[in-house]
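Note that the chains are named A, B and C in the order they appear, and that numbering of residues resets to 1 at the start of each chain.
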Amino acid sequence: MPNKNGSVYGLTILSPIINDDKATPSHDLQIRDYLAKLSTREDSPFAVAPGTHLARLVVLDDVIYVGMPACEEHLKSKYLIFESNCDGDLDGYLHGLADAIADHLDAIWKHCVGYPGAANRQAFVDYMKACQLNTTFYFAAVNDKSVEDTLRALQTQTAVADFIATHQGNDPATLQREFIQFATELRARPIPRPGSMGSLRDIKTGGHNE
Amino acid sequence: MQSRHLPASGKACLVFLAVERDMAALRSGSKPRITAFFCPAATVCDIICSLPSSSLQNAILSSRPGWGSFFPDVRGAMSNINGKVYAMNAITPMKPWKTWIVRGILFLLGHFKSLRQDVVDLSFIEFARWVVLPRRGFPFLGNGQERENLQYDYLLFFSNFNGTWNQYIDAFSAVLSKGLNLIWRWSEKFPGSVPVTNFKQYIALLQFDTDYYYSAYPNAAANDIESAHIVQSSLDQLAAMAERSSPQQFADAYLRFVLEVQCHLGATGDAPVAG
Amino acid sequence: MSKLNATDIQGFVLRGYNLPVARYLFLHFESASRARSLIARLLSHVTTGQRWDGSKPKSTVNIAFTQRGLVHLELPDATLLSFPVEFQQGMRHRSQILGDCGVNAPERWEAIWREDRVHAWLGINALTPEALDARCSALISAIEETGGATVLGSQDAAAVVIDGKPTTKEHFGYTDGFGNPDYLGVDRSSQPGQGKLMPNGSWAPLATGELLLGYADEAGELPVAPVPHLLASNGTFMVYRKLHQNVATFRGFLERQAAAYAGGKEKLAAKFIGRWQDGTPLELAPDNPDPSIAQDQNRSTNFTYGADAEGTRCPIGAHIRRVHPRDAFGFNGRLINRRRITRRGLPYGRFAADGDSVSDTEDRGVIFMALNASISRQFEFVQQQWVQYGNDSHLGNDKDPLMGNHGGHGRFVVQGDRNPANPPFICSHLPDFVELRGGDYFFLPSITALGMIAMGLVDPR
């Protein structure tokens, strides 16, 4: 099934944007402006709504003219591309978006042709499916872990590295006791919020200046 | 001025800026002040120079929709990248009779794991997809929308990868050129994935920029995630037996655990600055 | 491919001279015409790549320019703009990309490097300090007589001398000088392991264009180069970095960590780099140093990591494994063939043997010079992706233990096995062992190009 790879779903939505000469700024620019101000971190709509690993929104202005001998042609409308890599099935995901972030969905898609609004769930799902493209080939490096699994594993990785580093040379009894305590505490720790960056340090790795 | 019509490569982008500079300023050795500018062709143009010609500065500012201001964190420019992952979008035209060949190739790729092994081994792609968009396949919802009337079918490519743009393309050109050629040779004017400089120019021409990019785990690359799952799995196994073993048994199991995870403990965090 | 014309290429590019003392002069141009007449005068001094039949010269001279230097020589604008972006910006403006922050930040560099005033590098290598002084006087005379430049400063460097003989040791005590690649057409004694890995396991020289502009490179094309072709051909780019070494910090850290490491101090020191202090590669001799390997050219660089995927012999994050991964990334090493650099340079400052008292405030370190056809694709890539970062080796954000800008927070994992003398071990809170004190990017022209520059005859078309 092309859209799916293991337990992850590759959703590709292509929504025609309203073409209205009288709109100032034009609808595509309004979308861009809204997206430019939208957070991409833990307060992103896709962090709030469940199930999104990675997602992007892209305004497609036109097709490319690659040069002679290819022909030059142009699109009659601009399109909004929504590419999402998410958990679960399509209906569940779309309902999840509509439940959690209806305002953002409306603010973005109201500039698109025929968008019914997220309030009418069925109409919303039908609209999205009408705009859905079949993902012909879909690759996922990890295709059997949910967003929560991944966030938990990343938290575990950091904690384990610290534990190993600080318990070198311990005698077996101490090691066992400390480990049991560590594992219990780690299991009870809430998973990090999706979209949140790691903790800040004095020197940031990789060259960002303080 | 749409982003795709700007010069194809990062290098050309610098020339575009610098040619307008006052040559006397160059000769007098005046130091450029530093502000951020990303080449919308999304190549290595992290150029930071102040333009003596303010009219040129204004021309660039007003030409790019969505840019509010000329600061290093301007959203429009940075949004191809989120933490360690880069969102590449590409669209290529194909003569419709060739589309069936591409469909066939992508079908085989999807069904035979061995064909995908090299991509898996490169290990810097989190998610990637090809979408065949036939010329009559653009969604049409009435309500005043004009129907598209196109000659070509289009192939959309979306990639979420780790590393820099140059590194990504260099790697594919170096080790997967045959596979790339197989999929893209059906696109108009594809120059081949080797040699790499022409290939990069072609990609820069047909790449278009992301307006909004979200990742649930931006400070983790594909390798980090794979390692994290290994650590989680090993930890779960150790934790399951920790309570009911003797200290010595536990110490042995712990050593086994450390040996299992010792290659998977790299820290997560910020990505290197694109350059 | 065509045979290299060694008389047109500066000798510094084609071979390490193995002359034990050096002085680097940094020049600043004012008047373009006087600077050009200086270059014309210096042409007779510049050492080419021609083989020395019989005896070595007592001293050698080579010259290179920054972008600002070329601007002040009034090369045509179209030529200046055709140089690569990173070279035009200069190393100081690439600090974010290189991870030159914290203790390595340009604000903390020596004054000469903080102000973009260095226009040319004049490198003099010599057999003896007397020969060095004599040659420098001759050059200074030429500079003064033509009025072509002011000398902003100089940097002395010298091979570490132990028991009266120059060695290839550096200040941390490691034996250096193993890593330089072989290139097609470059006439030097080649060693297995220096070039690129072939599918049958043998080693072949790298394409010439990885080092020299104007020749085919590993990607099957001519490397991107400035125009005109004649200016760039037979030339290369040079990265110059003055790296201060905190020897006291290093020794203290090693001492403290080794107390908890069952393999012992010598082995832990070897795990940092990937070679024992005498140069024996860990990959070939994981338990003890072996001079018979270290001193045998056919063996000292002849190894791969394929059989050591877990890093139990040479840790995955060890320095030499990071900067030259060989086959560690799979694909028969094809991903790394365009990421190689040629290193020149010498230590500077007083050598303190193990046991001598030593302080980090004393001026000592290494003058690091890297030669490559593309600074961004080769040196900068290795520095950014393999030294200050670890994703390609699946090490996340972990940095090179010796070279990384750890700021006290670094971590280095020594992978181990069940052998009690080779346990898994984690070093934490790594400090900065190395600090960048300055440097820049230079263009090292061919002899022909120097002549063109001297006569003002560069035509970009």
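Going forward, a contact is a pair of C-beta atoms (placed from the backbone, for glycine too) under 8 Å apart; a residue touches a chain by one contact, two chains touch by 3 or more.
Note that the structure is a prediction, hence the values are computed from the model and not measured.
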| item | value |
| --- | --- |
| Category of the chain touch graph - line, ring, star, complete, other | complete |
| Greatest separation from subunit A - chain, by CA centre | C |
| Between A-C and A-B, the pair joined by more C-beta contacts | A-B |
| Rounded Å distance, subunit B centre to subunit C centre (Cα mean) | 31 |
| Centre-of-Cα separation between subunit B and subunit A, whole angstrom | 15 |
| Centre distance in Å when subunit A and subunit C are each reduced to the mean of their C-alpha atoms | 42 |
| Multi-chain contact residues (two or more partners), subunit A | 161, 164, 201, 204-208 |
| Numbers and ranges of subunit C residues touching at least 2 other chains | 96-97, 99, 384, 388-389, 397, 411, 424, 426 |
| Contacts with two or more other chains, residues of subunit B listed in rising order | 123, 224, 226-227, 258, 264-265, 267-273 |
| Subunit C residues touching subunit A - in the complex, by the definition given at the top | 95-102, 105, 260, 384, 388-389, 397, 399, 405-409, 411, 424-426, 428 |
| Subunit C partner contacts - residues on subunit B that touch it in the complex | 10-11, 14-15, 18-19, 23, 26-27, 29, 31-32, 34, 44-48, 84, 118, 121, 123-124, 162-164, 166-167, 170-171, 173-175, 194-197, 221, 223-224, 226-227, 255, 258-259, 262-275 |
| Residue numbers on subunit A that touch subunit C, as the complex places them | 161, 164-166, 168-169, 201-210 |
| Parts of subunit C lying in touch with subunit B, wherever the complex brings them together | 68, 71-72, 74, 77, 80-82, 84-86, 88-89, 93-94, 96-97, 99, 116-117, 219-221, 224, 310-311, 316, 330-331, 334-335, 337-338, 376-377, 380-381, 384-385, 388-392, 394-398, 411, 413, 415-418, 424, 426 |
| Of all residues in subunit A, those that touch subunit B in their complex | 2, 8, 10, 12, 14-16, 18-19, 28-29, 31-33, 35-38, 40, 44, 46-47, 52-64, 66-67, 70-71, 73, 75-77, 79, 81, 83, 85, 113-114, 130-131, 133-142, 145, 147, 149-154, 156-158, 160-161, 164, 171-173, 175-176, 179-180, 183, 186-187, 194-195, 197-198, 201, 204-208 |
